[in-house]
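Once you scroll down, you'll see the structures, which are given as structure tokens.
First chain A sits with chain B, and in the next complex the same chain sits with chain C.
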Partner chain A sequence: MSRVILHIDMNAFFASVEQVANPKLRGKPIVVVGASHRTVITTASYEARAFGVKTGMTVPEAKKACPHVILVIGDNRKYTTASTRIMGIFGRYTPLVEVFSIDEAFLDVTHSCLLFGTGEEIARRIKADIKREVGLTCSVGVAPNKLLAKLASDMQKPDGLTVIPPERVSEVMETLPASELCGIGPGLTASLAALGIKTCGQLGRFSASALRTRFGIIGERLRLMGMGVDDSLVSPSDEEDEAKSVGHSMTLTRDTGDKDELSAHLLHLSEKVGRRMRRNNYLGDTVTLTIRYADFRTFSQSMRFKKPINDGMAIFLSAMKLFTPLRLAMKVRLVGVSVSGLVCDPMQVSLFAEDRKRAAVTEAMDMVNDRYGEFTVTWGTLLSRYNHKDVIAPAWRPTGVKRVEY
Partner chain B sequence: MRFRIKKDELLKGLSRVQSVADRRNTMPVLSNVLIQSVEGGISITATDLEIGMRGVYAAEVEEPGGITLSARKLYEIARELPSEDVLVESAENNWATIKSGSAVFKFSGLAAEEFPALPDMEGAGFIDMDAHAMRDLIRKTIFAAGDNDTRYVLNGLFMTVSSEAGGMKLTVVGTDGHRLAILAKQADGDASALEETSAIIPKKSAAELKKLLDEGEGSLKMSLSKNHIVFKMDSLYMVTRLIEGNYPNYEQVVPADNDKTVGVDKANFVSALKRVSLLSRERTNAVKFTFDAGKAVLSSQNPEVGEAREEMDADYAGGELEVGFNARYLLDALSAMEQDKVTLLLKDTLSPCIISPVGEEGYRCVVMPMRI
Partner chain C sequence: MALETNERVTVGAVFSGGKVRPAWFLWRGRKYAVGEVTFAWESKEGVARLQHFSVVSGGNVYALSYNPVECVWDLKGVEQDWRG
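Coming up: the complex of A and B.
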């Protein structure tokens, strides 16, 4: 039986969320940028794209292309909230939702068709739900597998709906440039072109053994991709393997060699790590510190402790054991803290009153921050000299240990 | 140097210091043993700079001197020697030759002068100690001592010695912050010669001392000064650097108002605990107890595996009480107790439980609950 897979891609996600939140931005060219001055354009609204503004441009480049472009500083909390709501809508139609990134997901609705109609009908309902409840538009691709669904969602933007039914697959693939397929980048495109392969049709008919000789084990897969075949399953994130580590890193707004400043960042990161560990009931006994120098040389150091921990201060003090003796070779660009050796928190109560007090304080802080937002209650060090906006990590997920609160 | 020694005597001396000699290789000479000629034989010394241990063994010294050799390699060789008679000889460049039967070993060591001297505590005030009591004190408390990265004081046993009419009182406490064991004992002897009356003895040293005491009854002498504790047993000498710092006020964490008494048969309790904890949540050993008139129900649950439940008789008259414990902590305490019956003193779900054997005064274990 042929599968029915949806790929849903939110249109200009961050910019659209900002336009929904602030009516004054609607219909105008806006770009979302990070808070730091190292930042580039994260997302441009369709109005800005009309002027040639693209993701990845620097602010001066964007202003040159569109002088009246409006800069909006990104607010990650808005995006993760919207994303979580959207992913919730998907859950109404199928439990098989694979969150691909904050604004993209695959849905396997093969068995939902009995309840809700065809893949195309389900796609329309999801689009309507998202428009009505969150105010956003998206492009949906409906196809027999993930490869084609992703391809289809890309075909019409914004607010698109493209169906590639099984019987039309070979027709679509015949003339499609191979470079349009997710997973075939510029390098691979050039190598294929050298073999005389330009379209997917050609790729699908090419000799499997010749592809294997040229590309090794992925040769066979390339040929299948050319034929529009993809057996990979939609794997819901809650079926992912147990987490092996919990970590955070940040690229600094400007490179620095100031150890006091860096240790404030480490405290901030350690708090975030601890918070996420506690939310997921983890303790861990190995703390890793990562440093990336201005020249991108990166190294990590780990230390294993006898007692597993999950409170931010303990993680920070452990990270400082690694950081304090370090002699920085040059200014630092990125710092990261992670904890591994994870075990389930046994919720053991402590014998000494001072330990219980500390646990109670942590618990109270967590409750306040759950309700009023991260870092509502935090260390004084982080208040006085600290104003760092986070970037949403590519690994962000709406549930489980990969959910980071902003 | 050159000496002849019996294989068993050499093995005895080497096996005692195997776990003292440092294998971490921070200072190469510390993974060696120092062998020196002394009156009546040889001495074998090892140290990791925290513990130092020296023993004198019968040997025929033909040429006095000293050498250091790898503690591990020498022990491995000694174990496999073919004959009872062993000849050990060192050459100028710190090479040693070991001959036994038709086997000959040659391997290199380091100069005796490189070996750090053990602190000289001969002048300290030694008192006679009851070896049997000391062994009991360590055995019944050491399991509770911690492995703590930040609170080093918990990585040792806290010992206090006080003079009492007709003898002295010894108290040893171990805790890791989740559970605690206290044993107080009356012993013969006079504590007045000691320089200090309390000490935090590193867990490893206490374990080493217990091993020596396990070898058999002998006379034991002890001295206690600000930084060191020294034990002497016949021809053995062991010196340990103490852990510095203030031990927490342990009396404060032993509750005085636990009013719910549960009496259980120890053997039944231990086997039920072992069974039920098999299905505890991964690595937590969490077991839930529900005490009710005349019985205790033990249960465990692991969402990924399943659940276990067992009901056992208990001498209990209070109202229903639910509390969770780490089964490991209870089993450690119970297996240190010799009596057949034990008493649990409880208060509520989040208060500590006191376990004590019926018939042994002065021995209490305290275990903090888990939130289940």
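Coming up: the complex of A and C.
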């Protein structure tokens, strides 16, 4: 039995949410940006894209492309609320929903067709539900697997619906450029072109052994992709592997080499990491510090400890063991702290009075912050950092440890 | 947002079916009828799950916020667009 997979991609998600919220922005070229003065474009509306404005551009670049572009400072709370609502709509049609990112998901509706009709009919119902309840449009691809569903959703934007039925897969793949497939980037496209492979049809017919020789273990996988074959399952978020790490990073409002200032940022990040770990009952034994220099060179250093931890101060002190000996080569643009080597917190009571006191203080702080809001009780050095605006992490999910409140 | 503000306001709202919808608000001595709620979203502040509403009144857009724990409404902003 052929599977029926949907890939749903919200159109210009952040910008569309802002246009729904504010009618004055509708039909106008807008871009969503971060609060920092040196932010880049997070999303451009389709009206702005018509002028060549793209995600990742700097504000001056966007203004050059479209002088009358309207800048909107993003509000993550709007986007996470909208995403959670949209994922809830998906859940009405199938429990097999794999949240791919805040604005994308795969749905396996193979067994829902008996209840709701064909894949195309389910796609139309979901599009109508989203439009009616959230006010947004999306592009949907319907196909026998995830690879083709994603390909199909990219074929019509915005507000598209494309079906690739099983009997048309070969025909679609024959002339399709290999670069259109998810997972085949510019580097791989160039390597394939060097072998004379430009289309998926050519890739699917290419010798498997020659592809293995050139690309190693992924050679066979590439050939299957060229044939439009993908057996990967839709993995619901609640069946995802356990989190491997918990981390936060921040792009600073200005580059700095001031180690005192940087250590305050590290304390802030460590507190956030610790809070999220404790909320989800995790302990971890490896702390990783990430530094990105002003020229975007990025490096990480990790240290493993005998005893797993989850309180912010312990994480901070561990991060400082990595940070203090560092000789910074230039000013820093981004700092990050993460904890890995996660285990579920067994809630053991320590034998040592000092540890018990610290745990009691942390628990008391958590209770106050749970009731009155994050950083209501915190370290004096962090008081001025309370209003820092976060950026939504690509790993954000509507539930579980990957859910971050903004 | 053209004008960011954080002013306590009096709001007339309809509570129905487990949902709340602002109908009018008093701001700086004037009553504003809510013509349309264009978007609603949530945030968490301690135990309070704040409910935010983008509403249209008289051609302008206002951001209202309701704290169900304290039963208070705040006006957070007016006219959420500007040219950069």
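FYI, the second predicted complex is superposed on the first by the 295 of 406 C-alpha atoms of A that agree within 3 Å, B and C clash if a C-alpha of one lies under 4 Å from a C-alpha of the other, contacts with A are read in each partner's own complex, and residues count from 1 in each chain.
In this section, contacts are C-beta pairs under 8 Å (C-beta built on N, C-alpha and C of every residue); 3 or more make two chains touch, one makes a residue touch a chain.
Since this is a predicted model, take the numbers as computed values, not measurements.
Visitor: Can A:Val17 be said to touch chain B (first), chain C (second), both, or neither?
Guide: A:Val17 sits against chain C, while chain B stays out of touch.
Visitor: Contact-wise, after the overlay, does A:Ala82 reach chain B, chain C, both or neither (first, second, both, neither)?
Guide: A:Ala82 contacts chain C only, not chain B.
Visitor: Quick check on the superposed pair: does A:Asp355 touch chain B, chain C, both, or neither? Answer first, second, both or neither.
Guide: In the superposition, A:Asp355 touches chain B alone.
Visitor: After lining up the shared chain so the two structures overlap, which partner does A:Val343 touch, if you call chain B first and chain C second: first, second, both or neither?
Guide: First partner only.
Visitor: A:Cys138 in the overlay: touching chain B, chain C, both, or neither? Say first, second, both or neither.
Guide: After superposition on chain A, A:Cys138 lies in contact with neither partner.
Visitor: According to the stated criteria, A:Gly373 is in contact with first (chain B), second (chain C), both, or neither; which is it?
Guide: A:Gly373 contacts chain C only, not chain B.
Visitor: Name the contact category of A:Lys307: first (chain B only), second (chain C only), both, or neither.
Guide: Only chain B; A:Lys307 stays clear of chain C.
Visitor: For chain A, which side has the bigger count of touched residues, chain B or chain C?
Guide: C
Visitor: Intersection of chain A residues contacting chain B with those contacting chain C?
Guide: Common to the two interfaces on chain A: nothing.
Visitor: Flag every residue of chain B that touches chain A in the complex, lowest number first.
Guide: 147-150, 175, 177-180, 248, 252-253, 281-286, 326, 350, 352, 366, 368-372
Visitor: Please name which positions on chain A make contact with chain C in the complex.
Guide: 17-18, 20-25, 59, 63, 68-73, 75, 77-78, 81-82, 135, 369-373, 376, 405-406
Visitor: Would you pull the chain C residues touching chain A in the complex into a rising list?
Guide: 1, 36, 38-47, 52, 54, 56, 61, 79-84
Visitor: For the complex, give me every residue of chain A touching chain B.
Guide: My answer: residues 305-307, 317, 343-344, 346-353, 355.
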